[in-house]
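Submitted below is the structure of interest, expressed as structure tokens.
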Amino acid sequence: MIRIDEKSMLPIYEQIVHRIKELISRGVLQPEEKMPSVRELASRLLVNPNTVAKAYQELERQGVIVSVRGKGVFVAKPASSPGMLQERLSRLRADLGRLMVEAHHLGVSREQVTAWVEEEIGRYWRDGNAGGSSPSQID
Amino acid sequence: MKIDRALWKREYEQAKWLVWITPLAHFLALGGNRLNDWYLDRPDRIQTRLNGIHSYLDAYEYGEMELMARIGLMIVLFVLALVQIGAERRNGGQEFLFSLPCSRTRIYWTKWLFGIGLLTGSLVLNTALDMAIVLGSPIAEHFRLWYHLDQFFFAWLSLAAVYSIFLFVGTVSGSLASQAVFALLAPVLPFLIALLVRIAVTIHNDSVFQLPEADFVLLFPVRYDYPEILAAGPFPWVFMAAVFAMSSAGGMIAYGRTRAENNGKLVVFPLWERILQAGFVCCSALAGGTFTYGFFNASSIILYYVGLALGAAVSAWVIRRLLKLRLKI
Amino acid sequence: MLAVRHLHKSIERQPVLKDVSFELRPGMVAGLIGRNGAGKTTLLKTMAGVYDPDAGDVLLEGESVHRRPEIKREIVFLPDNPEALFGYTPEECARLYALVYPRFDRAAFDEMIRRFGLPANRKIRQLSRGMKMLASISLGIATRASYVLLDEPTNGIDPIAKQQVLTLLVEAVSEGVTLLIASHAMGDLERLSDMILMIRQGEVEIHEIADPSRGEAVKLQVVFDGEAPAAWLASPQVMVLEHVGRVYTLLVSREEGDAKLEELRRMNPLVLEELPLALEDLFMWKHGGRSDEDR
């Protein structure tokens, strides 16, 4: 489910954060589903538990997961994602801009870029709108 | 304390076979022998023997069986010390013990106590058995309680002293092999040195020296000329007690300070390397001189010094090479 | 906290440990790396009380391990070859350890044995190498000691046993145990460790895992435009890790600033990409690496 890429520039905890968010996006991890404990995940990945703990802390800070005392860690309900959202959306918009600049600089055609975007949409947005936050909040 | 139980368990498990063989072998040498002579043999031979008895000394065969028993026990204790210290240096046992949460002196005393305990146990058991056998035999009328006790205490003290020497040698030696060699040499060494020195002096002075008490010092559990020894007074006992105390204490200190990183070398302490070097060279020099002096018919003192120098040179080279060795055994 | 303070140790008059100092906090994983014979085992053995230091201290909560060996209840040393246990079965070992370590958890040990399929009544000498290590480590962890010192725990064992060993270790860390692992398995150490101790010529350097090179070096993948600059490549601040076709994998030192990097940028290489600096790269760099034809 989660594999650490040793060749990546990202530190391990960031990879974990990113991957979990990806799994949630893809629907592999459902809202309110129970996550493996820090200890379980550390054992599975053979990674220092402190690193996993750091990843979980970050995910909790971003509102992606929620820990319930005595019960464990769960994927957060989509509606309860708090204020980090605005900041993340702005960052996302800026990243998109940067990618476009790069594509343009490399001489990628308009058709090619559009095709790529369509491909990604097809992969993550099923049934038209199952994304979570409403587009009107952006920018 | 629980950890003591662990240490004892380990000592026992290491030397289990010795614990069982010892009283058995002891019995064979002493009680079994006695049994043989006075019960199991052909009646006519027994009778012949009986006829030859003029005093209790004859009945007890001048302590010969006790002597055999002591020799056997000495061998056992020699092996025990090797198992307890030398073997541990090479099989990871010492490393394991030293990483445990207890002091090294505690470990040492456990070993010491184990050996002394084995010795005491075997002696008590077998002396009692022997007494019973004698009392039930044709020579019962010659039974002397104090004879058995005398033999018992002598055996105990002399063997305890020898065992503590063996242990001490073990704490200073770096490998099983060197411990074995040094432990074998230790009892003979004083005699050898006295002999070489005496020869050197004789050659120079042309006077004859008496062999001193060194005679007793040599392998003292063995030399127990009954009943002459009774006339020797307290000296032997004091001597043995002193050796016992000093070797035990020395072993404790050496074990506590042992340099485990030098396991495999001849000797574990740099100080003892020097001592060994000096001693080896001196003895070899004296031996060399003695050899050349005696070999050539022309008894010239110059030959002696030539041999001395040669002996010193060769042995110095040899010991330097040996000290650099690190044996896996 | 387990603190090593100004430790000095010489063997055969050669200094093996020179003024070594570092601290291990609870729940931390420290990796100990160095060439064979550099002194990793000596350090571990000195910390465990098998060797006596020539100078310096090993302090557990402020008390010297050498002067008060009783406190070693909290320290367990697991050698790379657990010879001392060979004559025992796991069952017998457990009974022995239970007498030595007051907190020994027999139930946990039995559970670990069952989990790894180790036969409780066969002499350890007869087990495979991987199983020997598993038995030894299981015993060590079951003592519930707070500090476990491991000498090459994954050396020479099959991949399955290695996974099992690492899993066991990760679980122990989750329980708050501190590990000091001497190993050559840099990949594993990178994932597990919070801190790296590198021992070289008797001295120990401390590196945090987050930035192993401490900003002192950067790893780059470079493809030059045209002829590769032999002179630049041969300079002392540049180390060629790999050279395949036209692709160079380099380590460039930043100890004296970014001058070298600037020179590289001005050459306008076709490809200039930063790669994550792995522990193994750090190791090579500090030891001068293998001799390379391009130098």
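In this document, chain identifiers A, B and C correspond to the written order of the chains, with residue numbering beginning at 1 in each.
Operating definition for what follows: a residue touches a chain if its C-beta (ideal position, glycine included) is under 8 Å from a C-beta of that chain, and two chains touch if they have at least 3 such contacts.
All values derive from a computational prediction rather than experimental measurement.
For subunit A, the chain with the farthest CA centroid is B. Located most centrally within the structure is C, per distance between chain CA means and the overall CA mean. Distance from the subunit A centre to the subunit C centre is 33 Å, each centre being the mean of its Cα atoms. Work out the mean CA point of subunit B and of subunit C, and you get 47 Å between them. Rounded to whole angstrom, the centroid-to-centroid distance between subunit A and subunit B, based on C-alpha atoms, equals 78 Å. The multi-chain contact residues of subunit A, meaning those touching 2 or more other chains, do not exist; every residue touches at most one other chain. Taken residue by residue, subunit B touches two or more other chains at no position, since every residue touches fewer.
Among the residues of subunit C, none is found touching two or more other chains. Interface residues of subunit C, counted against subunit B in their complex, comprise 11-12, 42, 45, 48-52, 69-73, 75-77, 79, 81-88, 96, 99-102.
On subunit C, the positions that touch subunit A within their shared complex are 27, 29, 163, 166-167, 170-171, 173-174, 187-188, 190-194, 210, 274-276, 278. Subunit B meets subunit C in the complex at residues 2-3, 5-6, 9-10, 13, 91-93, 95-104, 257, 259-262. On subunit A, the positions that touch subunit C within their shared complex are 4, 6-9, 11-12, 38-39, 42-43, 45-51.
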